[in-house]
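What follows is a short report on a single structure.
Which chain is which? They are A, B and C, in the order written, and residues in each are numbered from 1.
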Amino acid sequence: MTPAGILMTALGLLWGLGGTVWLLRHRSYTAAQVPRFLMDLLGFPVELAQSVFGRGGVPYALLLPNMLIFGLFTFAPMILNVYVSMTGGPSIALFDRPYVGWDKYAGLFDCENLLVPKTCSNAGYNFWTGMYNTLWFVAIQVPVMVGAALLTALVVNRNIRGRGFWRAMFFYPVMLSPVVIANIWNWVLHRKGALNAALGDTTEAMTALAGLAGFDIAATVILAVVLMVVTLRSLGPDAPPLAWSFVFAALLAALVTWANPLSLIGRDGSGWLGVGLGLLLLWIVAQGHAARPALYAAAAVSAILLLSIQFDAVFAFDRYRPVNWLVTPKTGWAFFWLVFVFCWSHMGFYMLILLAGLQAIPADLYEAAKMDATSPFRAFRRITLPLVMPTLTVVVVLSLIRSFQIFDEVYLLTGGGPGRETFMVVQNIYEVAFASDKPDYGQAAAGSILMAVVIAVFTFLQLWLTRRQSDL
Amino acid sequence: MTHALDLRQIRKSFGPVDVIHGIDLAIGEGEFVVFVGPSGCGKSTLLRLIAGLDDPTSGDILLQGRRVNGVPASERGLSMVFQSYALYPHMSVRQNLSFGLENLRMPKAEIAQRIEAAAKMLQIDHLLARRPGQLSGGQRQRVAIGRAIVREPVIFLFDEPLSNLDAELRLQMRVEISDLHAKLGNTMIYVTHDQIEAMTMADRIVVLRGGRIEQIGAPLDLYNHPANKFVAGFIGAPQMNFLRGQLADGVLRTDCGLVRDVPFAGAGKVTLGIRPEAVGVSLHGHGDVGHGDEVIRVENYEQLGAVTYIYGAFANGEKLTVQHAHQIPLRRGQEVGVRFPTEAFHLFGEDDKALERTR
Amino acid sequence: MPPPPRRGAGMSLATYLSRTRGNRETAERIGLQDVLAYGYLVLGVLVILVPVLWTLFSSIKSERAVDSFDTRVLPIAQVETMVDGRSKPVWSWTAEDGTQRLVTKAGPTRKITDVATLEAPDQVFQVPKEALAPHEELRIATENYLDPILKRNGQETFNFLTYLGNSVFVTVAATLITLLINAMAAFALSKYRFRGRLTFTLLIVATLLIPASIILVSLFFVVWSFGIFGSLWGVIIPAAATPTGVFLLRQYMLTIPDELLEAARMDAASEWRIFWRIIIPLSLPALSVLAILSVIWRWNDFLWPLIVLISDPGKHTLQLGLTQFAGEFNSDFHYILAMTVVTLIPITLVFVWLQRFITTGIATTGLK
């Protein structure tokens, strides 16, 4: 038994036996009061503190167990980290570890170029690969997830039927364990899994449909009608309604993508151009000044594009080749699915917090805005966004800290692969300390401290930026 | 004879803020004492010091001659009725009443018997199984009092117990608490900011302001002989009228033009205090001054049937409230003659203390 | 009243078609915004539910159907039969005259394949491959669940009941300890004025900002020196004090009126008794939210149990057991899926039972 273990046992005995003696000496209990005696025994330290120090001693006794655990299992390890990072060897007896000074840190920074992990020593290579992957992951995942959470919260916050049901559905994945999530998605994303099968069936069906006679004309006519309706709706008598403008933008993006105008100059990327034009249109409409001319121009461009599209060619696909989503290297799919699965499983939690923030905004503010003839978009930007900003900040900080620590999902889905494409920094720490034949605790502790520094910098940067924003 | 409660030079400060500035007070056995004063005067703090919920910064608290400084609330043998009643919302009425007795390890039979007796006295015996949330305001008030009664305390403490009730219930509960005091005969200390409660219930009233005692006395003593301008203004509704003036050689000259020989000694700036019901009214107005000493212009008035309140102003702008015991025809802007009977005069010096009458 | 001015035939037609009730002017229409909103919600719920349901449906398919990645929803499986002590798939052979007979393959699949009927397995004859179709039936493959749980058919390594017991023990013990000590701390911080209150509060805020994964290594040393490494207590105790829990409870306890405590003090209750008889019952809503959160956290916990408990299979929690199982029997997807569903079911049941409470509780009491 370790000294600490002996200490804990002694403490337990003191509590149980000492408490019993003390309580029985000071109070009398009847047989029916055994539960009450047990409760008093549980709170014996508090009772003792009150009888010795009076009421002033009670809060300290109440805080003791919680602070003891915080102290021993959170604060002590924080400080111990520094010590461990300066020692070497595989010994797990704390005071039996040789002091090595800054060696472990030096190992991490032993690089020709810090930004290129390949130029580093072995330890540095693993650490910085993990760190840069993690930074990429955070940079992509946090905005995507917070955006999705905000959008979902806004939609669920609307006056819709079955609000409780939708809210519960989006929260459900939060309850699932990472192992379960990984198994589910491994099954779905398998090379012969459901996703590939569905994609294959869809492309086949689309190709078959596009091969029908008259498909081109039919598609053109249908889309022309849709374009007309959307244009009329967007150019209604009042200010352009945001929802219709949104549909207009989506249509424009699709048409640009299909028409592929950049192929004329021999370049790819029409899809991005389409999305860009769509967003530009939305932005102009939201600004409100040149909304109508922009919509007219977009309608004209859309009409020309529509006539130029050969729909049967656009929808005739090659035979679908199943993708090995999580395994094929250098496609970025593994990384993509990691982001996707992480958002899938965590978004509901942040959505709930944002929803609470949205519901705290008094409804009469929106009614007042309506009386002032404020457009919905303006109401969102001038009322919703500023008032939900504190909650949004909390959500961003929480999700930042959370996604920095990503381990379970990667470890179980990809194991860091393919190659090292999804190898994250916590996995590096875990492998160096716990999953290797020669555990290097010092190295892992040094890595932990560097990671803590990076997280701290990002958190404070974020808090500082949002503070500046709210001051304006 | 030992007093039920003795306070000696009690001081209390919260950090740098002094709330109670040395209070001396003795309360006799079986007395009903009301602490009254505006909010922030320290009356609730004083009650909490007596209860043992807070400890005084200095000074002694004696209960029946025994010094109880530092003795926990539970061991002082007092019970308290709180402003919000503080009924345990998760316990039934019976459990609310028995909780304190159980804590004192009283035998079950005695607990049951005390609860029965208290419930019967307060007519809440049919409510014992309910929770506080299912009771009306008045019923909750009774349960809170019942919880105090079952402890059979030396002193009952009431901390503004009626302030959460509507006017009608307040009146009814006022009477019930007075009856209770008559029935039980215990010492009761009652804190309120409402001077009507103080006047109607108290054997003795303690008027507090800013952590100091302004005056102690029987209700009518305070009404008829206020020791200072504050007590004069605080006790009585509508408030006593105050008119600025000068006193010299037994002649009072008020700024509003009244000149009168008065039986008060002293000189210099004074304030004339006169209760609204002491002011006489004459409808004939200006030009017929003989019917009244002075003339006011009616700014507003309230006809309540039994009484009429006139809110008027003198030519120099000073306000005057008059309570007239009859119905009289009035309109705004009308001029009304008012009479000031000298025997109803209160004079306050520059230090706001009441001047002694010379005869 | 004169008719309102027409704004164009197209508009009024659209209004007429999409209005739900009332006259033209007050008509409540299902606007495009609603359509987009419902579309988004339906899409989102599909993305969330389809993978889970697909796993559920797959887990009741036979081994053969799972291994061949049959993408039909229903658990349709090819019938198998025992031939010479081996399980073989049954095929339906359509003869040229249109009659159908059940056969098994007696050799490799070629253009012309050797088959034998079920009745006479020794009489091998040859049929064209095209005439053979799998003979299928609708069957729920309960063996996917029963084999690992009952440890039969070579599935001895997945000690489901042990894992379940460990998981339940860790979850229940950790949640009870968390509730008790967090409530005690929250009571002290919300209802007492004492020297150092601000310091303690700030310390707890600080732990909120210390990510668990950066103290992994040193926590390992601490837990090891307390002699609880490798035991379930090594998982339970370090995570028992949660800053989230303390704050959640503290915020709630602040709303309990101080007068109640004072009344209890006048009623001669000791401070511990006030905590136990007044504060705990009145904080039940917040306590239940914390209880649910704690159950989710502990039940789903992975990395720390992986470090502390991995070396002793008898101490594995359900999550660890499932990981090891999936790792060892990578090809036995039918068992993995079934055990995944088993792991998923308790938490899903809790969720279905308490979902309204959980979502509103976390949204209103939690993290504000």
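Going forward, a residue touches a chain if its C-beta (ideal position, glycine included) is under 8 Å from a C-beta of that chain, and two chains touch if they have at least 3 such contacts.
Quantities reported herein were computed from a predicted structural model and do not represent experimental measurements.
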State the chain with the largest centre-to-centre distance from chain C, centres being mean CA positions. B
B-C or A-C: which has the larger count of contacting C-beta pairs? A-C
Between chain A and chain B, centroid-to-centroid distance (C-alpha), Å: 62
Rounded to the nearest Å, the gap separating the Cα centres of chain B and chain C is 64
With chain centres defined as C-alpha means, what is the inter-centre distance between chain A and chain C in Å? 18
Per-residue overlap in chain A, given as positions that touch at least 2 other chains: 55
Using the touch rule from the top of the page, what residues of chain C touch 2 or more other chains? 270, 273
Which chain B residues touch at least two other chains? 72
The residues of chain A that touch chain B in their complex are 27-28, 54-55
For chain C, which residues count as touching chain B in their complex? 257, 259-260, 262-270, 273, 277-278, 281-282
Taking the complex as given, what residues does chain B use to touch chain C? 48, 51, 53, 72-75, 78-80, 82-84, 86-90, 99-100, 103-104, 147, 151
Help me check something: in the complex, which residues belonging to chain A touch chain C? 1-5, 8, 39-40, 42-43, 46-47, 50, 55-56, 58-60, 62-63, 65-67, 69-70, 72-78, 80-81, 83-84, 92, 94, 151-152, 155-156, 158, 160, 164, 166-180, 183-185, 187-188, 190, 192-194, 197-198, 232-233, 236-237, 241-244, 246-247, 344, 349, 352-353, 355-356, 359, 394, 398, 401, 404-405, 407-408, 412, 426, 429-430, 433-434, 441, 444-445, 448-449, 451-452, 455, 459
Chain B contacts chain A in the complex at 72, 105
